[in-house]
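Chain nomenclature is as follows: A, B, C, D, E and F, assigned in order of appearance, with residue numbering initiated at 1 for each chain independently.
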């Protein structure tokens, strides 16, 4: 499907978008495809990454950046989104410094080697992902003992909901993860090199 | 759940958000709850409505504004989102000038009194909503004979995906539709009054 | 599909059926399509409405007429039956004198503005509708504290089961709700006019 | 659950109901439990059996009595209704004079030893049973080549819908099949005795 | 599909397989089709029956042979496997000396006339059959009060898992149960004859 | 759950089992947990690995060893079996010499970078995995143009069915993949080292 929605030429993009993409390329060593796939529609690109940054880069709250990526990886696997599982699984491995965790939560978070706090977090995220209309008070109550407050829970729900959007767009448009993502964070020592 | 995530005081909001909300209130006669529900998080509010506007207010492409709202109403019903079915069903009735169509697509779009073009559009939207990972070339082929091109199809998918986000947030947070929405567009003559 | 199973001419119908239909027309101002759709088969018509009346018009038991219609509207929405959601949603609005409740339970009864008694009633009805084979003692126990006894529970189950029949027939035959139903009970003051 | 809804004493029943039950007992050698289970509510009993007779005892149309029972057995198994699978499986064996067919369609009608006409009939019945809201013109078209006309198809749908009611009531109320049904029609020679 | 994978000639089979088949024929009076269907691949045949015997013929543990067959019949019905429901339902009737139990668990084990111990056993088996990835400590805890220890629970899971394999092969290859199975164990007195 | 079914001491195992395990350890550099997890029950161990070898190590037929592992990885992901996805994904990467393919088919085989032949093979495997009772002639017809004959198709079905057994046992018993598997086959050059 790549032919259906080809990536735009980087040089034809609005300056703000081009600048952000070059910055990401500088940092990561490559341009993650999601930046180019959405760039064909600048207004949607800007809204998408503004939303992404508001949820994933925020410093407030008890969710770590690794936990945020863990929510993305787990719910994206439930939605069978190849791009997001591979790309965010890579970031999860790096943030959590746990090279095995992404594959575990992608297959079955109930069997992953994670603490009860993160299992409860993922149970809630999976319910928002698959049966949000059935969320009830008891689902909130199950999270409080693990140190999540209502703002953290909003974060869990919003990350799940936002990547539900991302999953559907990536699957629909046939977005492929960059090959670089597959190996990132699997070799802890390489980071020192 | 209204107590869990109370609406912020309008006067405490950032000026851009406050201005937009007052503008909506001026036009609609009331403030749709989604504007206040998200306002407690300004960065998310801005991204959400930027995305919304990019998809729902655009003038390009073959999808009418009514068809865009028809996608929202249909897929939101599949996601059992009370807020979006009632609020966007109202806008759908007004745009399409068909007082019955919103209730029809919300229950079963296959039985709605709509032309084959719109049925095909909703079939595609429902697949993006429920099984985006199974979208294949044949799904695109089914839309071309009805006059949709690949940009229109991106619109259908993106609207579905964006409101999938909105549905999950509204259900999770217990967002209630304003009472005004329920009757809007059901009495065509009132518009003349 | 209207052409597949056309409505019979009222004047050709057996006298008992014709009389009842004229009586309904007198009272409602129009003939609800279900009366004509089934009339092509008099024996089925008589059994259908005898069953309907036994369940919906009875005066015994703690279920109000409005609650009976609420069960119909909620489970018919789960079965995606356009005729029953629109027609019985109208009657529900009138009986309960709540113009918003039908739309609420049709989308998601968990978010409707109804008391816990009615939520429990609808939870049970939905289980009979979707997973009757899993009904167990605990489902009955959940209803007793709300004032339902075993006869009331039989009513809930029987109404759900009967309209499951109705839903399947209406969807199969493409039965459309009369346009009059869509607005009924939404404007409380009109009733005085 | 038998204690929850005990069978009424035969002698306390209205005369029309009592007479029919005695007639059935005379013919079958025992009283099928469904006759007693519903008898506690005479109005529902009368409507239920009037509907049953209109669909199952009619002489018109191309469906044989055995085919009608085959629809009941197959869809009741999909609904996991113990009473109906066992009781109507017995009648199916007798009418079709095929001692194995009931067990076959109850487990998987696709693998049953039946002609293509009956497979098509059961495919349609299963769709009415499980996804009536998705029935479309193509489902009718698939039946015409097998000699079914629109009246026959109404029969298939109505039998399926009616026994969907019966299935839900039997499962809800814990109705048990009489032990006599399990063996009926399995020993072809007994019929000569 | 019988033509796709025809049964091999008994005389062409390896001696160990042929001997076992003749032994079964001697005992049962006929050759159950599963022995011939798998015999076309001797290595798979040997592994299949070795596994079968290890699970179904073992003398250790608290599960009776009848209970083992009850697990097979129940989960095979959930998998809609005609061969296994009919063949193992027959063996279940014989082992348990209960001519009705096989039909009951095949339709709905919740309504079967079996003690709470066997209901709990079948609840666990059904979860392994349908949602093994969700098995958690609580599922084990539910079995201990009924006298099952961890080795018994392994048996329940392994029998379910093994016949899940068998179900898929039989359905895929169109394996038909021998006619003899349908009646076996239904007439307790015949065994004396 | 590792405590529930502890691994036996290698030295206490029957000699044939111990020898095979040491051989595997010699070749792989570690003992895959499945060999120890099943070893607590020697008869089941022998049947399990005999079946495994008959299906996975055979030289006949058009399925390559990599394709066999691709079936395992894909269907095990559908069953959410952590052990099999990680362990067989590793072997798949090695056999196919494609470091990305295992992650791709585990998330969504429709989006994997594989030829149409392998997509058709996985479509069939997924149907055997999830809806074997619906397999029909058309499913076979879809495979023939890709060069699969009926023996190859038996292989596809049997591998799927066998690992459905394995998946359920691994999930039930909480079997964890060895850490070594996660990285195997991801670094092609290491093999030369």
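To be clear about the criterion, a contact is a pair of C-beta atoms (placed from the backbone, for glycine too) under 8 Å apart; a residue touches a chain by one contact, two chains touch by 3 or more.
Just so we're clear, the structure is a prediction, and the values are computed from it rather than from any experiment.
Visitor: Both chain C and chain D are touched by which chains?
Guide: Of all the chains present, those in contact with both chain C and chain D are B, E.
Visitor: Determine the set of chains touching chain D that also touch chain E.
Guide: Touching chain D and chain E alike, sorted by label: C, F.
Visitor: Superimpose the Cα atoms of chain B on the matching ones in chain F and note the rotation angle, 0 to 180, in steps of 5 degrees.
Guide: That pair's rotation angle lands at 120 degrees.
Visitor: Can we say the copies chain A and chain B touch using the same residue numbers, with more than half in common, or are the two sides different?
Guide: Mostly same residues: over half of the interface numbers shared.
Visitor: Could you tell me the distance, in whole angstrom, between the mean C-alpha positions of chain A and chain D?
Guide: It comes to 52 Å between the two C-alpha centres.
Visitor: Where the CA atoms of chain B average out and where those of chain C average out, how many Å apart are those spots?
Guide: 29
Visitor: Mind checking the centre-to-centre distance between chain E and chain F? Centres are C-alpha means, answer in whole Å.
Guide: Result: the chain centres lie 24 Å from each other.
Visitor: As a quick test, compute the distance in whole Å between the mean CA positions of chain D and chain F.
Guide: 45
Visitor: Among the residues of chain F, pick out those that touch two or more other chains and give their numbers.
Guide: 80-81, 108, 111, 133, 171 - these are the residues of chain F that touch more than one other chain.
Visitor: All pairs of touching chains, please: list them by chain label.
Guide: Pairwise, the chains that meet the contact rule are A-B, A-C, A-E, A-F, B-C, B-D, B-F, C-D, C-E, D-E, D-F, E-F.
Visitor: Under the stated contact criterion, what part of chain C meets chain B in this complex?
Guide: The contact residues of chain C facing chain B are 77, 80-82, 85-86, 99-100, 103-104, 106-108, 111-113, 171, 174, 176, 179, 182-183, 186-187.
Visitor: In the complex of these two chains, what residues of chain A are touching chain E?
Guide: Residues of chain A touching chain E: 108, 110-111.
Visitor: Per the contact definition, I'd like the list of chain C residues that touch chain D in the complex.
Guide: My answer: residues 1, 4-5, 41, 43-44, 46-48, 50-51, 53-55, 58, 79-81, 128-129, 132-133, 135, 137, 140, 150, 154, 157-158, 160-162, 164-169, 171-173.
Visitor: What residues on chain C touch chain E, complex-wise?
Guide: Those in contact with chain E are residues 133-134, 136.
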